[in-house]
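Take a look at the structures listed below.
Consider the two complexes below, in which chain A is the common component and chain B and chain C are the respective partners.
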Partner chain A sequence: MGHYFRPTTIKEALSLASDWPGNYKYFGGGTDLQIYRKQKLLNNEAIIDLSELDDTCSIKADENSMKLGAFVTLDEITTSSDIQTHFPLLAEAAASVATPVIRKTATMGGNLLVNNRCTLYNQSKEWRDAVGSCLREVGNICLVTGGKDKCFSRNVSDTAPALIALNAVVIIHSQDGKKEIPLQDIYARDGIKFHDHLDEDAIVSEIRVPTKPASWWFKKLRLRKTLDFTSLTVAATVDSAGIARVCLNGVSMSPVLIEESLKKLTVETVIKKARKNCKTVDNDLMPLKYRREMINVYLNEWWKSK
Partner chain B sequence: MEKVQLNVNGFPQVVLVGSHETILETLRNRLNLTGTKQCCDEGTCGSCTVLMDGKPVLGCLTPTVRCVGKEIVTIEGVSSGDNLHPVQKQLVQNGGMQCGFCTPGVVMTAIPYLKENPDPSIDDIKEGLSGNLCRCTGYKKIIEAVKNAAEELNG
Partner chain C sequence: MSGPIGKPTPYIDGVQKVTGKAMYTDDYRFPNMLYVGLLRSPHAHAHIKHIDTSAAETYPGVAAVTVGTDLPISFGILPISSDENAMAVEKVRYVGEIVAAVAAETMEAAQKGAEKIIVEYDPVRAFIDPGDSLEVCDPAEQIHSHTKGGKNIHKTAELRFNEPEKALEQSPFKRTESFKFAGVTHAFTEPHSTIAIWNGDETLTVISATQVPHYLHRNLSKVLELPMHRVQVKKPALGGGFGGKSDPFAHEMITAYLSMITKRPVKCTFSREEVFINNHGRHPTTIDMSVGCDQDGIITALDTDTIIDGGAYGSFGVVTSYYNGVLLQGPYKIDKLGFRTRRAYTNKSQCGAMRGHGAVNPRYAMEVILDMLAHDAGIDPCDLREKNFLEENTVTVGQLRITSNGVRDCLQAVREKSDWDKLYGKQPYGRGLGIGCGFYISGSALPIIWNRYPQTVVHAKLDFDGRIVMFSGASDIGQGSDTMLAQIASEELGVPMNYVQLEVADTKTTPVDLGSYSSRVTFMVGNAAKMAAEKLRNEMAKAIAKEKDVSADDIVFRDNKIFTEDGAVDISWEDGVETALAGRGAIVESGYYFSPKMGGDFKGSGAGLSPAYSFGAFISDVTVNPSTGSVKVEKIWAAHDCGKALNPLAVEGQIEGSIHMGLGQAVSEDMRYVNGQIVNANFFDYRIPYSVDTPDMDVTIIESNDSEGPYGAKEAGEGPIHPVLPSIGNAIYDAVGIRMMELPITPDKVLAKIQEKG
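Let's turn to the complex of A and B:
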């Protein structure tokens, strides 16, 4: 028996979550969650729809800073003239997610917390039953690496690397109260518990970007120009003090950030750090060797563009 | 199960639906509105697109309960009697369909798209319809039909 709740305040949503321990899911736009439910990768009985919450904000962006409600849609982000003018990096990253119609439903918060992907896991139940389920489900080995203790499913959010490069913080609510944490800190380098650094009932309500960068760069690698999840997303900014923040996603269990003064960086050191910190395995539609090589190509492109 | 009141194509409908049921399932299985197609059923092909308060949404991902209090328009609700909507008319005239399975989704995506973008280029239309997969036409005729529909709507 399923239950569908539409709370109107964050407090009510948190109290519903505590009524259904381990058996609920928050629902932003549902464009990620519904796929997981259809493929029987999630079987929670309660859905807590967050779209009616009336204590959240919308979009505020000017030449200094940006504030976004977690429930604004990606379409609202890409079409906001304030974001296009002052934070084009985010507008471009959001525009690279899924398709125009999906972006009208998909939310900012949902994109930051999109579930990790792996070609051997994100399949129909029949497919998984035929091939054998892996560590992340009920099996006991990783079908990609043969390992018994680690899952390498990929974080595929395109807006996360952009917002991490922009030094964003997120406002989180849970039974423990309200917290503000740097966006990169919510991700764990673990393909099964990829948001392990968040309280289980955490609701992301807001995203804040403190300053505007001096320059930015963004590129997403995927099979088609639309629809497909990322095979590699790179977002980079340089601030007025010359600090570069380069964030890679789609190539590891969590976004990988390299933050360093440009004075101390060479393109070789950025590539070396990226290749070392990305735990890239063969779990995407694009071949592993190619994806690894593209890390070098993109970082070189960014370096030359500065 | 929940008893909900929906507004579909301007008609109020009271239906008993599953709490996690999608509007695609409700339209097809409970209201016999089978114009909206179930194809990939996982957000990838666009065949199940319907309008919710004028905004295109994928029927296969949208819980029915979420549609309460909203105006739903399906492919059955876009023509007035025998007078086809310009998008429908141009698809017919330009041969923008073969098996026809993706067509309802194309129409329900193109109508709100042309409202927001009344004067699109061919490249704009390609991007706007990039979530609608067609396995027959090779897209050229669909894109041309939507371009012609834009011109017709602009009078």
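Let's turn to the complex of A and C:
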């Protein structure tokens, strides 16, 4: 049996969370969560639906900055004329997620915290049992690498690299109070505890982008023009001081950020850093060699486009 | 034609379907109904040592439990390879094979109950790669004990005409190439679903999502040891088949058996993952093919050696094996031809028939090689094809009788519309055009099970209410056969379509039709329906002629009226009905279809025989991004000779659907396995193109008016898929100069080839 709660204040939500220690999940649009539940990858009994929380559904974007409630839907992001005008990078990133129908339900916060994926893990219970469950579940070996201590599941959020490139910070609430932290800091380079830098009961309520970049670039690698999760997402910005922020996702356990003044960068150094920092393994439907090659191709394309 | 024949006619069940009112199998609910829970094998190949069902039997809500030994009689679509059991007996042969089943009060109890069954296995070596199945193995490892020579080869089909290898040696131009095709599956919308009802009179009714009610009827009777007259199979609205519902299935046997032993209605509906596990899709295939031509581009010979990966059971595999070779006999004239196909048993779920059955992969190989030969010989690829086309009213080397043939018109249409002569080979790097042709059977001339009956019978009934009821076993699987039946009756009797109502696909009330496979329905059922309706009209005309003292031949049925041109008769349909039925009551007339005798007298000569063949030519326009290898199909011009489009709307729909399905196999779809286990058993990871991936389509219908088809019609449901794939492959060559020998053509493969070329 399951228990479904719909708090209207953050306080109430946190107190519900403390009532169900280790046995609840926050729920934004549920488009990621419900599949994990269906495949018995999550067996929590309580669902705490956060979509009714006060003051978390607004969009404010102008030529200087942007403030987004965590429960704004991705559809609202892609269709907002303020975002299209001032932060088109985010509009494009959000439009690249899933399909139009899913984007009507999927939330901004949920997309930033979408669960990591792996071809040999995101399967039904019967499938996993037949193949022998892996490290990330109850097994003791990674089925992709054969290793015994590390999981390389991929972070697949498409808006995370865009917002990281935009230097976003997130507002977080937990029993320990309210915090503001740079978005990239919530992600851990760990395929099992990929949001380990967040408190367990942390609720993301807002996303803030302090300034508008001077230029931006975005591209997502996938086989079809819709629906597919990313095989490689690259988002990049250059600010007025000439600092480049290039963020790659879908190719490692967490988004990989390269931040450097353009004066000090060459395309070779960007590629070298990216390849070094991405722990890319063969856990996607696109072949590993190709995904690695595309890192070079995309970064080259970005470099030429500047 | 004064009625609806030849006019764009919306499907009679279209509104019901798009408004959600049509009743599919899973929509039916019966009082006291039980649900089936299935236990599937986690091993690819293992002996079953022991099954303990005790915990399942006492699980709350479970009404019955069954295991393989309860139903030991094997079944299969082809009598020559009835190698399947309802549930595994002694051995499991693929991951996901059904081992045991329960019937319970709720779906949840059924699932949980099934999980309580404990099975002990003794795994043996699993054969995943078909190459391994061709070798001699330890007898204890053999997948089926009936295969010969200690190997896991299910079938070797081989035919040779006029020493092709010799001619190839002497050909001025010759290509020998290897191709590899991933398995693909039907990906229909409606999952498999079956309801079985054990009736008070000790008869069995099975409602099922099937393309072949008749063969299900026969196989149920065999497995359950119930005489045929006590089995009824009904097919309600069906959400797509494409060959994926053309076998009798294990779950149908199990559901029926559980209903028999519990004496309650029982339902079984698959999850999407189970649909993928059930597969029966297109065989993963490797082809080594040689084709030669002379200086003028005339094909000298063709020789091909093919391995198809059949999975664990036979299904349609023997037919698939032959089709991979015999369906290379058109649309080109090839007098020296040889092929061998070996179908390997492997420890994966079985492959079977899928749209374009057996001919899609070899067609790709053939059309790509023809393109290469055209370049070798310095001849335009369209010209080379034109030089080699079969004529109409001819016989191929393997004795296929070709009647009408519109392939030249097809090629000309797409060549002109695509501006081929101006653009081919002349566009900037990255953009290209490609041509592909094809042909396909319009119904298999031989039934699957030899018998002395016609291939189909249709009854037309008229009663006092003025309605015409057409009784046909034909299975509308979304292809529009119900609409066709109504159109034909309406055409023949001159009444509006809504005067015609149908009783279809019910093995108790409708006469036998063999099923919706091999593109046979319009041709065979159409002819039978026409005959039945004509006979009904003649009966009416006779009665009216007698009463009005005119010649029956002069009576016209049109626009809801019955009249003679001279005005001697001028009555309404209703008055005509009254006259015709006077003194006798309801009229029932019967039409049937028999294929004419045809074919050679060598072994294997029956494969590929059809009363008519469809033809086609498609041109694709693609762009290739040379830095990422991604391929975008911009537009496809399609011309298909369907003989006569009884319903142009339906023909166009079939061609567009074929383009979409062919595109999927060409660029994105594949059945992926890890240790024999499917990794992409869902619509997320099995990548069917979406609307945004689908190119513009320009459809031309060519009408060659076949002399034996109903009103001249041939097929349009499967033929149009064949040219799609090679036209894309050949367009990629025109765009960036690489030959794609492996499908699907994903960006990684394209990029690797571009890099290889340098």
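Note that the second predicted complex is superposed on the first by the 304 of 306 C-alpha atoms of A that agree within 3 Å, B and C clash if a C-alpha of one lies under 4 Å from a C-alpha of the other, contacts with A are read in each partner's own complex, and residues count from 1 in each chain.
By our rule, contacts are C-beta pairs under 8 Å (C-beta built on N, C-alpha and C of every residue); 3 or more make two chains touch, one makes a residue touch a chain.
Note that this is a predicted model, so its numbers are computed, not measured.
S.K.: Quick one: classify A:214 as touching chain B (first), chain C (second), both or neither.
M.R.: In the superposition, A:214 contacts neither chain B nor chain C.
S.K.: Identify the partner contact of A:129: answer first if only chain B is touched, second if only chain C is, both if each is, neither if none is.
M.R.: The answer is second: A:129 touches chain C but not chain B.
S.K.: For A:119, using the defined touch cut-off, is the partner it touches chain B, chain C, both, or neither? Pick first, second, both or neither.
M.R.: second
S.K.: Per the contact definition in the header, classify A:290: touching chain B only (first), chain C only (second), both, or neither.
M.R.: Only chain C is touched by A:290; chain B is not.
S.K.: Tell me which partner A:49 touches in the superposition: chain B (first), chain C (second), both or neither.
M.R.: first
S.K.: Would you check which partner chain A:227 touches, where first means chain B only, second means chain C only, and both and neither mean what they say?
M.R.: A:227 sits against chain B and chain C alike.
S.K.: Return the residues of chain A at which the contacts from chain B and from chain C coincide.
M.R.: Shared contact residues on chain A: 99, 225-227.
S.K.: In their shared complex, at which residues does chain C touch chain A?
M.R.: Listed in rising order, the residues are 40, 42-43, 95, 273, 627-629, 668, 672, 674-675, 677, 679-681, 684-685, 687, 689-690, 692-693, 746-748, 751.
S.K.: Going by the contact rule at the top, pick out the chain B residues touching chain A in the complex.
M.R.: Those residues of chain B that touch chain A are 2, 18-20, 22, 41-44, 46, 49, 55-58, 60-63, 65-66, 109, 113, 127-128, 130-131.
S.K.: List the residues on chain A that touch chain C in their complex, please.
M.R.: 99, 119-120, 123-124, 126-127, 129-131, 221, 223-228, 285-287, 289-290, 293-294, 297, 301
S.K.: Residues of chain A touching chain B in their complex?
M.R.: Touching chain B from chain A are residues 1-4, 6, 27, 30-31, 34-35, 37-39, 47, 49, 51, 98-102, 104-105, 225-227.
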